[in-house]
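Shared between the two complexes below is chain A, which has chain B as its partner in the first and chain C in the second.
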Partner chain A sequence: MMTLVLRWFDCNYRRVIYVLVVLCVLVPAFLTVRLRIKPAGATQGLYDAVEGIPAARRAAIAKLEAELTQSTNNHDKLTAHLQRLRMHTNGVLLISLDFDPSSAPELTPQAEIILRHAFMRGIPVVAVVVSTPVGAQLAQSIVDRAARETQGRYDIKLAGRDYVYLGYRPGYFNLILQMGEDISRAYATDYAGTPLHDLPMMQGIKNLNDIDLVAVVTGFVGVPETWIQVVKTKYNRPLGMGMTAVSVADYTPYLHSKQLVGLLPGMRGAAEYEMALDAPGAGTRGMLAQLASHVLIIVLIALGNALFFVQRRNRS
Partner chain B sequence: MMPESFMDLAGVWIAALLSLCVFSFLFKDNILFKITEAIFVGVSVGYGIVLSWNAGLHPKVVVPFMEFIRNYHDKSRADFFWAAYMVVSLGIGVLYLSRFSPRQAWLSRFPMAYLMGIGIGIGMPLTIQSFIFEQMRATLIPIVVKTNGALDWAASLGNIALLAGVFSVLYYFFFSVKKSDPVSQTVSRVGIAYLMLGFGASFALTVMARISLLSARVQFLKDEWVEGTLRYFNLL
Partner chain C sequence: MLCIGCGIIMLLQFFVPLEFVQRDMLQWVNDSAIVVATFGLAIGLASLVHVHSTRIRRRARGWALSVVTLACATVVAVIGLLKSDWGPVVARSQRYDVLPNGVTAGVIEVTHTLFGYQTATVFTNTVTAAGVVPLQHRSVPMFDWFYNYIMYPLMSTVFALLAFYMMTAAYRAMRAKSWEAGLLLAAALIVLLGQVPVDQFVRLPAIDGVSLFEWLKLKILDYPNTAAKRSIIIGVALGGLATSIKILTGIEKPYLGGRG
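Our next item is the complex of A and B:
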C-alpha cells in the first residue's frame, strides 16, 4: 500500500504542490488577520521623500529667492521659475506607471498607495506612462480611483486641477529627455486630448526642474536605468522607485549609491508603505498569503533536501 | 466589490473564465489554455497598435502635417525646414519595412544605424556617469566607521563585507590569470559565495513575485467573481 502511495506521489507530486500552494493563497483570502509589518529602510526612504515634498518645495522657493537677490544673471529665467514654483506651494509629484496587466497585481497596490499619500497631503500629481501602450488605460483607472477615493485634509481631487494624467507616448528615452526640457513638447495634450496650456495645474509646471520628486513604478527591465540616467544624473532631481520583486535585487545598488531615495519591493513594498501611512490596502491583504506560501515553500525545500539525503544513503 | 452594470458583470465573468483556462495548464496542456494564450497575444498586439497610432503617429505626424498642408501659404521658412525634417525622418523610418523583403532588407540598416548613433551619442556619457562613476563612488567607503567618536561596529562590518564582495566577485571573473595558488582559489571561492547569496536572494524574490500574482488572481476570483456575482443578484 505504502509503495503504491509513494509511486502515485512520484507521478503526481507537482499537482500536490500546486494544490497546497493554492490552499495557502486561498485560505488567507477568507481571513481578516492583520500582520504587523515594519517598513524597511528602502520603503521608508520613499515614504519620507513623498512626505517631504511640501518642505522641499518651500526650501526650493527660499533658495531661489535668495539667488535672485544676490545675482543679476538670468534674472528673467529665475523669476519665471520662481513664479512657477510659487503656483504649487505643496510641491509636485511626477509618477510614472510603467506596467501592464501582467505585473499589475504587484505594482497596482504600490502605485495606489503612493498616489493616495500625495493626494492626502495635497500634493499635485502628474502621471505618465512611458514604456507600454497596453498599460495606459490601466494607469488611468488607477489614478482616477486613487483621486476619487482619497479623503484627506483637502477636497476630493479633480482632474486638471489637482492631478493630470498625460497617458502614453512612444519612444521613452527621448520622451523622458524632452520632459527634462519641456513637458509640453513631450506631451502636447493630456490623455483626454486637452492641450496642456489649457490645464490650470500645468501653468506651474514646465519641466523636471518644477518637479519635487519623480516616482517610477515599473515592471520592465531597462526603463529604470533610463529614468536614473535622465532624472538623477542629468537633472539631479530626487528619484524613487517601486518595482516587481523579481527586479529588486538588480536595482538595490542604486539605493546604496543614493541614486534612488527609496525602492519598493513588489507587494511587500506596498504593504510596508501602507503600514507607514497607516492605510491598509491590497498590499497588506496579500501578506498573509505570502506568509503561508513562504512557510510552505521553506518546508518543501527542507523536505526535498532531506529526501535527497535519505535516498542517497539508501542507494549507498 | 459589486459590478455596477450587467456589462461589468459580463466583463468579470470573461476575465474569471479566462483565468481558470490559464490555470488549467497546471493540470496539463489543453486547448482552452491555447485559446486563452492566443486571445491574450492578439488583444495585446491589437491594443498596442491602436494606441501607438493614437498616441504617436497621429498627434505627432499626421495632425501637424495636415495642418501644415492646409495652411502652407502662411508658413515661415522655419516651418518648411520642419516639414522637410519630418519627411526625411519618416522616410528613414519607412526603410524599416524593407525587412519584409529579403532582397531589400539591407535598407533597414540605415534607420538602425541612425538610432544606434543617436542612442550611443546621448546614452554613453549618461551611462558611464550613472552606472560606472556613481557605483564606483558608492564603493569608496571607509572601513572604520565612527559615530560620535565611537566605533560603529555594524556599519564598519557592513562596509568591509561590501568591499570584500566587490573585490572577490571581480577577481572571480578575472579569467586572464590561472588561479592555482591557495590565495587566489580562496578569493574566488568567496566570490562564488557572494554570487550564490545574490542568486538566492533573486530566487526568493522571484517566488515572492509569483505568489503575489497568484494571490491577486485568487482574490479577484473570490471578491469580484464569486461574491460580486452573488451580490449583483442579491444572494449575499
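Our next item is the complex of A and C:
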C-alpha cells in the first residue's frame, strides 16, 4: 500500500508540491499565531550597535574634546569635526538599502525594523542605494513608510530634519570611497533634488567619520565585501549587515573576525530584531509561512529518500 | 596606460593619506566613471537595438519577443524622460499630519493618476535651512506606475518561482545516495530546522539558551562553514591580487578582449 502511494506521488509530484507550497505560504497569512523568537548573537550584535549609537556619539565627542585639549596639531580640523559631532548628539546611522524587488520580501522587514529602531531612539538616518538603480524607488518607499507610519512609537519623521534619503548614484566602489571623504561630493542633492547644503540635518554630517554606524541591507553577492573594504578597512567605522538567509554562510567569517558588529539572517533575522525591540512586524508575521515551508521541504526530502530506498530495494 | 593610471589612483586611495589624493584624484576618477558609464549605456542601448532589430528583420526564432523587448525599452525610456508633472492626473488629495504637541508636521499630497495611485507620489515637506519647502515634486508618476505595478511584481514573481523549483528539486535531487551525500543532507536538514522556531510546536532540549537545532545550525555555520569559507576567501584574494598585478603591469589585457 505504502509503495503504491509513493509510486502515485512519484508520478504526480509536481502538481501536489505546487499546491502544497501555495498552501504553506497562504494559510499562515491568515493565522494569528504569535511566535516567540529569541534573538541570536549576530542579531543582538546589530541591535546593540544601533541601541548604542547615542552612547558612541557621546564617547566620540568626549574623546575629541580630550584630543583638542592635548594636541595643537590639526586644531581647526578637529574643532570643525567636534562641531559637527555636537550637532547630532544622538549620533547618526547610515543605512544602505542595496536590494531590488526580487529579494524585497525577505529584506524589507530588516530594513524597516532597523529604521524604526533608529527613529524610536531619535537617531538621524542617512539612507542610500549604491549598487542598483532598480532599488532606488523601493528604498524610497521603505524609508518614507518607516518615517510616516509611526505605529504610535515615535513622532512623524521629516525629510531633511530627521532623515535624508539620497537615492542611487552610479560609481559603486568609488561612490562609497567618496562618501568616506565627503558625502556632498558623492551626492550633490538628495533624491528629491534638494542640495545637501540646504538640508539642516546634513550640516552635521560631512563624511563617514561623522557616522556612528553603517548598516547595509543587501541581497547581492559582492556588495558586503565592498562596504567592508571601505567602511571597515579604510575608515574603521562600525558596520552591520542584513542579508538574505542564503548569503549568511558566505559572510559569517566576517562576523567572527569582528569586521561586522552584527548580521541579520534573512526573515529570521528581521523577526529576531523585532523581538529584541518588542515591535513585532512583517518579519515575525512571515516566520510562520517560513516554518511551514521548511517543514514541507523536510517532508519532501524524506519522501524522496523513502522512494529512492524502496526502488533500490526492489531493483536488488 | 589609462587602465594602469586608473588602477594606481585607486591603489593610492588606501596607502596615501594626502588630501589631494583622497579628494581631488578620487573626484576625477568618479566623474570619469560616470562619463564612461553614460557612454556605456549609450553603447548598450545601441547594441540592444541592433541585435533585436536584426532578429526581427531576419524573422529569427522568437523574433516576437524581440519586438516586445524593443517596445518595452522605448515606452519606459520615453516615460522616464517626460516632465515630472506630466501624467493624466484625475484627482489630488491632501492630508495634514499633526504631531502630538499640536504642531503641523507636514502636508502630504497624494496624486491619483488615471492608472491608479502610488505611494511614490506622496510628497512630504522637506525641512531646509530656509524653512519648510512644501510639496517637493520628485518623480514621474507614470514611471513610478511602471515600477510599482509592472517591474516590481514581475521581478518578485520570477524570483518567487524559485520556491516551486526548489521544492521539486528537494524531492527529486536531495537523496542520500552515498554516505557523503547523507552527511550533506543531514547538515541541510539541521540548518533548515535551525532557521525556523520549530521548538514552538515540538518540545526540544535547549543548549546555551537556544533550541537544539538552532544550536547545531550555529555550530555548523561557525566551524566547518567558516573554515571552508575562509580558505576560499583567502584563495580568491590571492588569485585576485595576482590577476590585478598582471592587469596593472599590462601582462594581461582582458578588457581588450584577449591576453598579452
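Points to keep in mind about this one:
In the analysis below, the second predicted complex is superposed on the first by the 301 of 316 C-alpha atoms of A that agree within 3 Å, B and C clash if a C-alpha of one lies under 4 Å from a C-alpha of the other, contacts with A are read in each partner's own complex, and residues count from 1 in each chain.
What we mean here is this: contacts are C-beta pairs under 8 Å (C-beta built on N, C-alpha and C of every residue); 3 or more make two chains touch, one makes a residue touch a chain.
Just so it is clear, the model here is predicted, and its values are computed rather than measured.
After overlaying the two complexes on the shared chain, residue contacts for A:158 are found with chain C alone; chain B is out of touch. Once the two complexes are overlaid on the shared chain, A:234 sits against chain B and chain C alike. When the two structures are aligned on the shared chain, A:29 is found in touch with chain B, with no touch to chain C.
By the touch criterion defined above, A:184 lies against neither chain B nor chain C after alignment on the C-alpha atoms of chain A.
Of the two partner chains placed by the overlay, only chain B lies in contact with A:258; chain C stays clear of it.
In the superposed three-chain model, the partner touching more residues of chain A is C, compared with the other of chain B and chain C. By the touch criterion defined above, A:286 reaches chain B but does not reach chain C. When the two structures are aligned on the shared chain, A:131 is found in touch with neither chain B nor chain C.
In the superposition on chain A, no contact is made by A:110 with either chain B or chain C. By the touch criterion defined above, A:198 lies against chain C but remains apart from chain B after alignment on the C-alpha atoms of chain A. Applying the stated touch rule to the two superposed structures, the overlap between the chain B and chain C interfaces on chain A comprises residues 18, 21, 25, 100, 103-105, 134, 170-171, 177, 233-234, 245, 248-250, 253, 256, 265-266, 268, 290, 293-294, 297. Residue ranges on chain A touching chain B, taken from their complex, read 15, 18, 21-22, 25-26, 29-30, 100, 103-106, 132-134, 136, 167-171, 173, 177, 188-189, 225, 228-230, 232-234, 244-246, 248-250, 253, 256-259, 265-268, 282, 285-286, 289-290, 293-294, 297. Those residues of chain C that touch chain A in the shared complex are 10, 13-14, 22-23, 26-27, 29-30, 33-34, 37, 97, 99-100, 105-106, 108, 119-120, 122, 124-130, 133, 136, 138-139, 144, 147-148, 151-153, 155-156, 158-159, 163-164, 166-168, 170-177, 185, 188-189, 192-193, 195-198, 200, 209-210, 214, 218, 221-222, 225-226, 229-230, 233.
Listing the residues of chain B that touch chain A in their complex gives 26-27, 44, 47-48, 51-52, 55-56, 59-60, 119, 122-123, 126-127, 129-131, 134-135, 137-138, 162, 198, 201-202, 205-209, 211-219, 222. Interface residues of chain A, counted against chain C in their complex, comprise 13-14, 17-18, 20-21, 25, 35-38, 40-41, 100-105, 134, 137-138, 140-141, 144-145, 147-148, 155-156, 158-161, 170-171, 174-175, 177-178, 181-182, 185-186, 190-194, 198-200, 203, 233-234, 245, 248-250, 252-253, 256, 265-266, 268, 287, 290-291, 293-298, 300-301, 303-305, 308.
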